[in-house]
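The next block holds one structure in the form of structure tokens; read it before the comments.
Letters A, B, C and D name the chains as they come in the text, with residue numbers starting at 1 for each one.
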């Protein structure tokens, strides 16, 4: 099973819609224990991505993702700039020159992005950041690649389930990274906006690629298209 | 939204354009990267001191640029660290053989952005080093968190580093000044209201008419606890004890005392707080050699305050007394 | 009430005690009469310039005392003219053979209090004269009313009279300076929120989330009309046209441009307004020789602004450039 | 008919109660078209009067009123300081040395106070200030003295009626003095707090001296004891 560059572009375009639509909602979630800028920061970058994506020179997946990383570095402030910029950049490095990627290659891109984000921000699994969604997704992809799974729809659905589940399973945790960590115990019982964003994006991808799936966490249900 | 704003997406470049328009002889900038620098720098023989963080803390950070203070600064959107590119362009614009010192307030977003920018600059052989400011006693420090925030004490680090750099000290020496000041400064803040980032358009948190947030930072993030509002003197006692006990300051010390407004608190109220804080210093045997009452580091229009104590020695006092000039002026 | 306050009845003396505590070398006061004066005055050979009005306008009026500005000032409760006795004691404390000039902002309460105090002082052979400041274009002048208010333009009158007095000019000459500056200065204000006098504990007026008050004074009194809130540039155009058309200012004039915050508006927003106001000056052919962006005359924590234009000549520019020092300082 | 110094002292004490009780209400009324300080300013002075009145040296009515005038000049800010201070001072000047006053003398005290207030603040009848209550009361007293009226209770009631009526009859006027004059036409349809205060004081005096009378204007009804 190979994933075409066109599908990756479609996923990015869908992501931009998700993020821009939730500009204020994601910021409201960030305001519960953080500083209320997450949605705005991300949307600032993805508005540019949405507009530029059709026109940019994108000979291959790696070049396309590198360009996205540069847009994020120029336009996204806050922690989200370095986190998402690093993610795109690290994924770009291992997809240089490819116009389609295998499932194993996709798993490698996500894995490299996750490693890069962990190195940049120092967060671990359980610190109540978007890594709590991304790390299990990465493991699921690695396993799927190793097992030679071919049903991409089922795999996407299962990744979305994982991320969506992370919203509820991390809700009661105290944040250890980001601004939310500086309010101490008060971050418990608030959802992490980064995890909500990842879960919403994956759920919106399901819809975009014709995979049936209903959101579970209330925040994700509220945020999906 | 009770704000003077056009398109919220242009708020930061528009206000920076205003700062540049008001200070044509002192400052110049590159608004593509939300950057402002001294017009007369960088100089080959002088260390450049730079900073950059979210907007909404004015006069920090771009309004702290000028002789004797910062050589340059860049701003992100309101309360969001500047994008990596802005940090990189700021370092590049102030690069000099004497080196660039980046003063980073300890927020994860700022740190990640500056870390990345410094890495890129160093790869291009720009001489640059960083220092992390973390004066906020409200945050419980621990191995597992990002640690104490940098808040109003930042002013003293900028002022002293700016003066030391102006004197012609080396990059290592200016960084040592930052270390010394940061090691001797403590701050604690408190908010009575939330605030409204222009792009968000609504308050970051809800708070009752009789409530206050204790131990807030400068980004409208909630504090460590919510409590019933108290008389000004009790609030001052609480904040003062938190900072004075932390270092600890001891009888006989000379100190600088800052009562900083978070944006929405009028000067008269800050002087009510100062009046009590000065008395508390005296009661502890601390001599207030210099005082600072006003807005030094704000959270847009949040009603609130912070109290900062800086332990002085002859060197720090000399730097504090050195002349400086920024976009903030009265006459 | 979202304020740092102890007993509201002691708010004014407490904040004034804070101002004195923060400026022991510059100022001294008599808090029984809510009065603050220069420590080094009065001088027999120098005219004393004094003022006094309600509190809540800080840095006006007691925070405008110092070399090159006021020699003394007294304050009433928040937004209420000072009691007659305070005015009288202030004149007496600054009395000198060179004479005392009282600068009165045109509010009926202030005028009545100072009229009475001046009568008493003159009966005691103190040399004292008065001048009434009325720069507010929002008020329709008429035979039947008390006329235009004195608002932020007051800063320029104080600054120029302070400089002229420091130069050793006579009482008549300093009064002539006041007349000239007042004749050439125009202001218009606008509020986005009301404000809360500490003793009242509630906002003076109610205002919708999407509304603004056009043509407000500095006491939280309603303005001339209520309108839907507009983008910052349109607000600036409206205020600017009101002041620039009134004198009128003409192409080629050199001007001082002030964007004054009413207390609750953060600096970044003031610079958004300044950015547009400077462009409007340029479009009219006015050269902004000096600019002032910040809080000069406030209505406690009201969110709002005023725009002031002062037509310059060589004499006024010289006075504006002269050194001055007050309780307001940054470094 | 003579009015004793004790009764004048009792009236002042009652006035202090009226003003202190309405500190916030009178300020709220002032906030409708003015700056919301009227009640607070007046109460600041009358709290001192209430406290000092029993102790001050008061050999005669004039000396007592002069002392009140001095307290007002020291403690009352805003327009109310010079207005009420001048009023007490002018009344004091024509009651020097008296330990009781005749009705004609009382009318003379009120008349002198009204003249002083008019000279100090430049207001005329119809400018929508407390003079719109005081001027007709003064005329009523002059007429009663000329006619030799002896029913002091009826006279007090009729003065209270006049002041109370002034609240409603001036409501629609545009203020020409004080801060309310600076909001232009917007002061119409708001009651003048100074007139409300005079009407409330007179109504409270009725009660204190055992005269039956019900308030008419809603603001006065709200403010009376």
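Quick note on the criterion: contacts are C-beta pairs under 8 Å (C-beta built on N, C-alpha and C of every residue); 3 or more make two chains touch, one makes a residue touch a chain.
Please read these numbers as outputs of a predicted model, since none were measured by experiment.
Separation of chain A from chain D in touch steps, taking the shortest path, is 3.
Annotation: 32 Å between the Cα-based centres of chain C and chain D.
Work out the mean CA point of chain A and of chain C, and you get 54 Å between them. Taking each chain's centre as the average of its CA atoms, chain B and chain C sit 29 Å apart. Multi-chain contact residues of chain D (touching two or more other chains): none found.
Counting partners per residue, chain C has no residue that reaches two or more other chains.
Taken as a graph of touching chains, this assembly forms an open line, each chain in contact only with its neighbours along the path. Those residues of chain D that touch chain C in the complex are listed here as 24, 27-28, 31-37, 40-41, 44, 72-83, 85-86, 120-121, 127, 176-184, 186.
Those residues of chain B that touch chain A in the shared complex are 9, 54, 76-86, 107-109, 112-113, 115-116, 139-140, 144-146, 149, 197, 199-202, 204-205, 217, 219-225.
Here chain B touches chain C in the complex through residues 1-6, 11-12, 14-19, 21-22, 55-56, 58-59, 63, 159, 192-193, 209, 229, 231-233, 235, 263-275, 278-279, 291, 293-295, 298, 300-301, 303, 305, 320, 323-324, 326, 328-331, going by the rule given at the top.
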